[in-house]
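So that you can tell them apart, the chains are marked A, B, C and D in the order they are listed, and the count of residues begins at 1 in each.
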Amino acid sequence: MTTKATARSARRRRSRFALGLGIVAVPLVLALLGPLFTGDPGPRSASFTLGGGHWLGTDFVGRDVWRQVLHGGRTVVLTALAATALAYLVALPVGLVSALTHLRRLEDVLMRPLDVLLAVPSLLLILLVASVFAPGAAGLALLVALVNVPDAARIVRAAAGEVAARPAVEALRMQGETWWRIAVGYVGRSSLRTLAADAGIRLTGVLYLVSTAAFLGVGVAPDAADWAVMVDRNRTGLLVQPWAVVVPALLIVALTTGTNLLFDAALEKTPRTKGRRP
Amino acid sequence: MRNSTDPVAEIRDLRVEIDGRAIVDGVRLRVRPGKVTALVGASGSGKTTTGLALLGEYPPGATVTGEVLRAGDAPAGYVPQHPAAVLNPARRVSALLDDLARPQVRHLPRSERRGAARELVLRALADAQLPDGEVLLRRHPHQLSGGQQQRVVLAQALLLGARFVVADEPTTGQDALTKSRIVQQLAAVAARGIAVVLLSHDLDVVRALADEVLVMRDGRVVESGPVRRLWSAPRHEWTRRLLDERRPVPEGGTSPDAGPPVLEVRDLVAAHGRSTVLRVPRITLRAGECLAVVGRSGSGKTTLARCLAGLHRDHRGEILLDGTALPRSLRHRDRARLAAVQYVFQDARAAFDEHRAMLGQVARTAVRLRGVDEHTAVREASAMLGRLGLAGDLAHRLPGELSGGELQRAALARALLARPRILVCDEITSGLDTVTRRALLDLLAGLLGERDDLSLVLVTHDLDTARLADRIAVLDAGDLVEQGPAQQVLTAPRHPFTVSLLEATAHLSSGNRSRAGT
Amino acid sequence: MYDERFSGLRRRGFLAATTGAAALTLVGCGGDTDSADGKNGGGTPKRGGRLRAAFAGGGASETLDPHLANLFADVARAKALYDKLADYGADLSAQPRLAAKWEPDKTLDRWQVTLRKATFHDGRPVTAKDVLYSYRRIADPEQTFRAKASLEPIDLDASRATGDRAIEFVLKRPTAEFPNILAAFGAYIVPDGARDFDSKPVGSGPFRFVSFTPGRSAVLRRYDDYWEGAPHLDELEFVVANEESARVNALLGGQVEYAHELNPTTARAHEGRGQIEIVRLRNSAMQAFCMKTDRAPFDDKRVREAFFLIADRKELVDGALSGAGVIGNDLFGKGYEYYADDLPQRAQDLDRARALLKKAGAEKLKVTLDTSAVAAGFTEAASIFRDQAAKAGVTIDVKMGSKDSYWSDILDNGTLCCYRSGAMPIEAHISQRLLTESTTNATKWRHKDFDALYQQAQSTRDTTERAAVYARMQRRLYAEGGFLVWGFADWILGTARNVKGVRTAAPANTLDWARFDKVWLA
Amino acid sequence: MNAGVRVRTGGLRSFVARRLLLGAAQTVAVVLLVFALTEALPGDAAVALAGDQPDPARIAAIREAMDLDRPAYERLADWAAGLTHGDFGTSLASGRPVSGYIADGFGPSLLLASLTLALLVPLGFGLGVLAARHEGRLVDRLVSGVTLAVYAVPEFALGVLLVTVLALKLAWLPPTAVGYGTDLLAHPAALVLPVLVLLSRPVCSLSRLVRAGMVDALASPYAAHARRYGVPGARVRYAHALPNALAPAAQQLARTVDWLLCGVIVVEALFVIPGLGTVLLNAVAERDVPVVQGLAVVFGVLTVVLNLGADVVAYRLTPRAGVAA
């Protein structure tokens, strides 16, 4: 009975993994390969029309929506992925060092400035910094990453702190292991589950920030081919030509939902089954 | 009317299977009021599964056949090995007990329920020997001592009106004084007419408490009977072996008085935050010598061990290795000095990286501390593990796939691969069953005999284990109260604390329930 | 609380985007010269009812001080509460309002103005003293009211009241277009001594004050003794909604009856569907690229002409304005008085453009085009023009700037930028932007002979002769000016179906735009 | 043991004191950061005010009248000096006191935040508990999947969708709160859609946290112990397991409230609710430094207080390992 149950749950897990993969593949493939499959932009048509050789109609300035969809993923996906990766690039060393150090002062030096950042509402920060530096997509990624660093660092700090308190770390130190091997090879790796779960939800949050930044007109040109910008700029035509909003919005949803499903399935512990009397 | 000797619970031909493997097979058991029934066996022998079956609980995914009967709907109590685990950390003690008292006062008018419930709770606390109940009720579980936690759990069982209580390894890892207190408590419970089912590998406790004993091995009951009969005339070969393991630990050789000390501790004062937790004027250790550091939990013995290993930096005074001071933190100890003092942790499972195979982890010692190349290190590690009884396939497993005893051997192997001058073992046998513990101690004794340059610091709460040592240092509440040759400390203790510790041990092993703990 | 010292400093520019939240501040106005009522005007006016009008606003910093009016919402509120001496007609010529008539002397530097009989909401008559007080307040050197520059030609110290309702304005120089000054943006008449405008403002306009919450709403009530006849509406409420979609939704949901500033796409979505009425005020906001004529490469007029020829105006209007507008002919003020509509319409001619560039030695030209999200269509226009220029071998690098400081940034910096302008008389456009002394001369058009022509026009009493001078000036600008005017944007309003009497031929800033005293609910 | 308890309560007190000190430093740092950024913005209040009429002489005059020609640090010092006796300064754009701006914006923000919170707590906890009870089964997947999908939809898209369907197509609800600025409460129907949009994201994060906490708590030995002793299932879930899922949820709630109060710019713009986000957006566009500064103080203090509150809750609920016996 149990073996059967385990097999069933494993199968379910695999199928959900496949589902997540399938959902996330659509936006990813479109984003990464889409630009390769578009030719020259045709002549502009009237805005928000359906048909007329435009598969998904035209957008608010009369461009082909399908072409915009193919082009518009790269910035969103790359900005979001880069921002998430960048946030961890900073948060990981900061969190690990402050979890593993014995110097309170070092921990303070590392974590307190982040606490300050945490107290600035993220949209205010994005609004101000973006106005000062007028960043492009890369700048936006940097900025969104910056906003995410404090929180990510705290999570790394907490997860790593719990692992760092285990005797295994002391045992490794008794073995004369290097700091790197302890921090990355053991503490980092043991915190992986927590961090990956966090990364999934963080990616969603980052996408939210990126698309809200587009709504506020920060970081990307208002007529850029960008899913988030498309959703914002085309919403005036929602009643005339819904595809220009619905398709990019669905792609964003697919990206985040798929990613999270994938992470969930990959990280899931073997499910508990309750023992039963026959 | 119920006959006072009618069983309150009974197990008939219980068989519990997981993944086709029988964990418990054909167990029969009767639990009688006011009697203590002990299930004895090594870990993995099926005693916990049997005990929980009495409560109607089975491991996840288990297939169960056989019968578990309870007289009427007799409520059952449960006292686990770690009482903190079953006390909800987010709720106050009062809430934890109120939940159980409420249903019992439901027949009363609404206005009176509260008072009546309170009454019941306080009585149960008093019965569980927690007199200052009012104060206690306001606390959260983590604000209680381990003993108080255990008594609160007991109070829950009493409050429930439990007809029998299953106590799972209640004394494991406790020092003699605590043990005798627990024994006395369980005896008091039995004296109230409540049946006690004791699951334990601690034969002293079993002998002191039990009326009936069931000896289990691999899920089967190999022998059962009254405790006296079993002790005096064990019939089954396994019982004999089990009892045989109780023979005294090999005593340490005469201490080599000659030669300068390898390790010397001078005026050591260690602190945790602002409070001083340890004061040791002087301790020395010579080459080939084994020093036991004995004390109750919280006495500072682990802190002393950690100071030696460089894991506790917050201390003053000097620790000299071969006459030169060791840096306080192992961060500042060079390779040679790091290798010279090695440390084996109490919780072996937590001391390994759960993601990597054992062999690789053990081998790293040789790579890092002795500069051996990877290949040689693995070969050496394999040999060392083999010598300690972890040959072949076992060495390639992940830590999660090894038993407690096996992990502790691997931990020893990891430390020994550094070729240490001093090996600090912190409670490495607590939490292991008698048989495993014995094997490990034999191993240590063997090591001492083999290598004269190896000195051992054995931190333990168990005087029995301390017999292995040449010399014994006794710590109480952070103070070094007595030290001297093992023989002398064990037979002619000078300090009253040592005396009481010895007495408690003696009472336990004499098997006398009524006098225990007085 | 109220600090007089700051009173001149209220608001951002009229054209500045009202909020960062993708606000669309199409400026505009304008339109057809016919003054016939549009489709909304049918039927007999009915008295009564309350009309709610949604505008983009200025947030918590809003005020009812008419002299501080900057945004459309400010102006709409100001004209409901106050009057000017004159106001602009649909062709941006001055029409008498509180001034019954004006009469210049021979040299055009002394004007007699006679007021009509009108009373303030508190019953006092509108007198010459009130007019002089208002103008002196605006012109106060300590203050920075927007209309101050417009009133600059008047010598207020020398001007005086010659009767209760008669004023003699003394000017610093001959000014043929003096009535334009009376109609100037923000030149409202307030009662003598008025200082506090937020708690209980008193004006002579068609509606009187009821309540005001900055950034949220202003409630006004019919003024029965209005000199032009009482309004049809009982009550008028201005509400602030900065987000265009919010204004549309509020209109669709019946929460407001009038929504100002709608997107062309919104208009298309709802036009002719019977739910709401869409009103287009055509040919209004000038859309242009602005070339700095004093620096390379645009100091060469052949390069400027080449750029004129690069633009495909139709594509720009369709793309950047979503088709809501008409193409321009490199001149300001299509449909306004004095507009030179006899000049041939310029069309894209890439070959000639290339040839001109070659002659000017500017092949493979590289130019930076400054733009910003400050106004709808700017960034789109920039990217469309970049593509067009590429076909003529010109590389344009589009640079996005901050929208809050855009107008100040482009005034002196850069070489090429996006530009636009709301409705104003052509004379005002020239005096503010194209004279050597002009303060906002974004094309750096500085020519003594051009200045002289302007002076000549101002000294010319005869309208036909004056028109001829304006035509000469416009021909010059058409040939070699710095403004590449590619289009005029529609101004779009939405109204509930029962709203009648909304004029369709009234560019924003003109008399009939947002004129709620002529509106009624059917 | 008594000593242990004293240490703990003393610990809490010094913990709060330390945190307040840190919070003050945090707020100061936030204000400095915001000041520096606002100063670094292209253009200033004068340029912003001049708008499309950037007559240099006029800009200079405005600048002088606003005291913007004084060095930045002097203006900051003056402002800080005023702040010490409760004066937030006056707006550059209107000359009105900044405290008025904050008070005006705070009302709608607070109303929205409290309504959202009032719905969020039962909804987030309810869904979390529901999912945890059916862990791994369809209900769990459904709850997790739907909340996550909603979480991923940008607010403005969700807002537009809800308005289009519920307000415009079905005409069940008013599409905006335009004109209700001062008495939003009198028009509860207008608040439904904004609150729904605001709920969409926090519900997801909260229910996920509660679910995870509940799954752990329900599988814990103490929950098993309670069931063993016949405590009813509902009581085990809500009285025993839920409190243990509370600590992380409390921190998430604090961050949500912080977010709700400190600028839900998008929702405010879409539904015309003039809260603090709108005030902030306008102030930044107008380069109205005193208003931005005042808001930074408010936001900083709010963040510090809310986080402190959450930490105290967590401190109370989180078991500390091993109080030495």
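Everything that follows uses one rule, which is that a residue touches a chain if its C-beta (ideal position, glycine included) is under 8 Å from a C-beta of that chain, and two chains touch if they have at least 3 such contacts.
Since this is a predicted model, take the numbers as computed values, not measurements.
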I want to compare two interfaces, B-D and C-D. Which one has more contacting C-beta pairs? C-D
Distance from chain D to chain B - Cα centre to Cα centre, in angstrom: 49
Separation of chain B from chain C, taking each centre as the mean of its C-alpha atoms, in whole Å: 88
Per the C-alpha centroid definition, the whole-Å distance linking chain C and chain D comes out as 41
Per the centroid of Cα atoms for each chain, what is the distance between chain A and chain C, given in Å? 46
Residues of chain D engaged with two or more neighbouring chains: 41-42, 160, 265-266, 281, 284
Show the residues in chain A shared as contacts by 2 or more other chains, in ascending order. 127, 131, 215-216, 232, 235, 239, 272
Where chain C touches two or more other chains at once, by residue number: 20-21, 245, 401-402, 404
All pairs of touching chains? A-B, A-C, A-D, B-D, C-D
Write out the stretch or stretches of chain D touching chain A in their complex. 22, 25-27, 29-30, 33-34, 37-38, 40-42, 135-136, 144-145, 148-149, 151-157, 160-161, 164, 201, 205, 208, 219, 258-259, 262-263, 265-266, 277, 280-281, 284, 295-296, 299-300, 303-304, 307
What residues on chain D touch chain C, complex-wise? 41-43, 46-59, 61-62, 65-66, 90-97, 100-101, 104-105, 160, 163, 167-168, 171, 174-176, 178-179, 181-182, 265-266, 269-272, 274, 278-279, 281-288
Given the complex, residues on chain A that touch chain C span 44, 46-48, 60-62, 127, 131, 134, 215-217, 221-223, 232, 235-237, 239-240
Within the complex, chain A is touched by chain C residues 20-22, 244-245, 248, 263-266, 268-270, 315, 318-320, 322-323, 373, 379-380, 383, 400-404
So in the complex, the part of chain A that touches chain B is made up of which residues? 1-3, 5-6, 102, 166-168, 170-177, 185-186, 189-190, 272-278
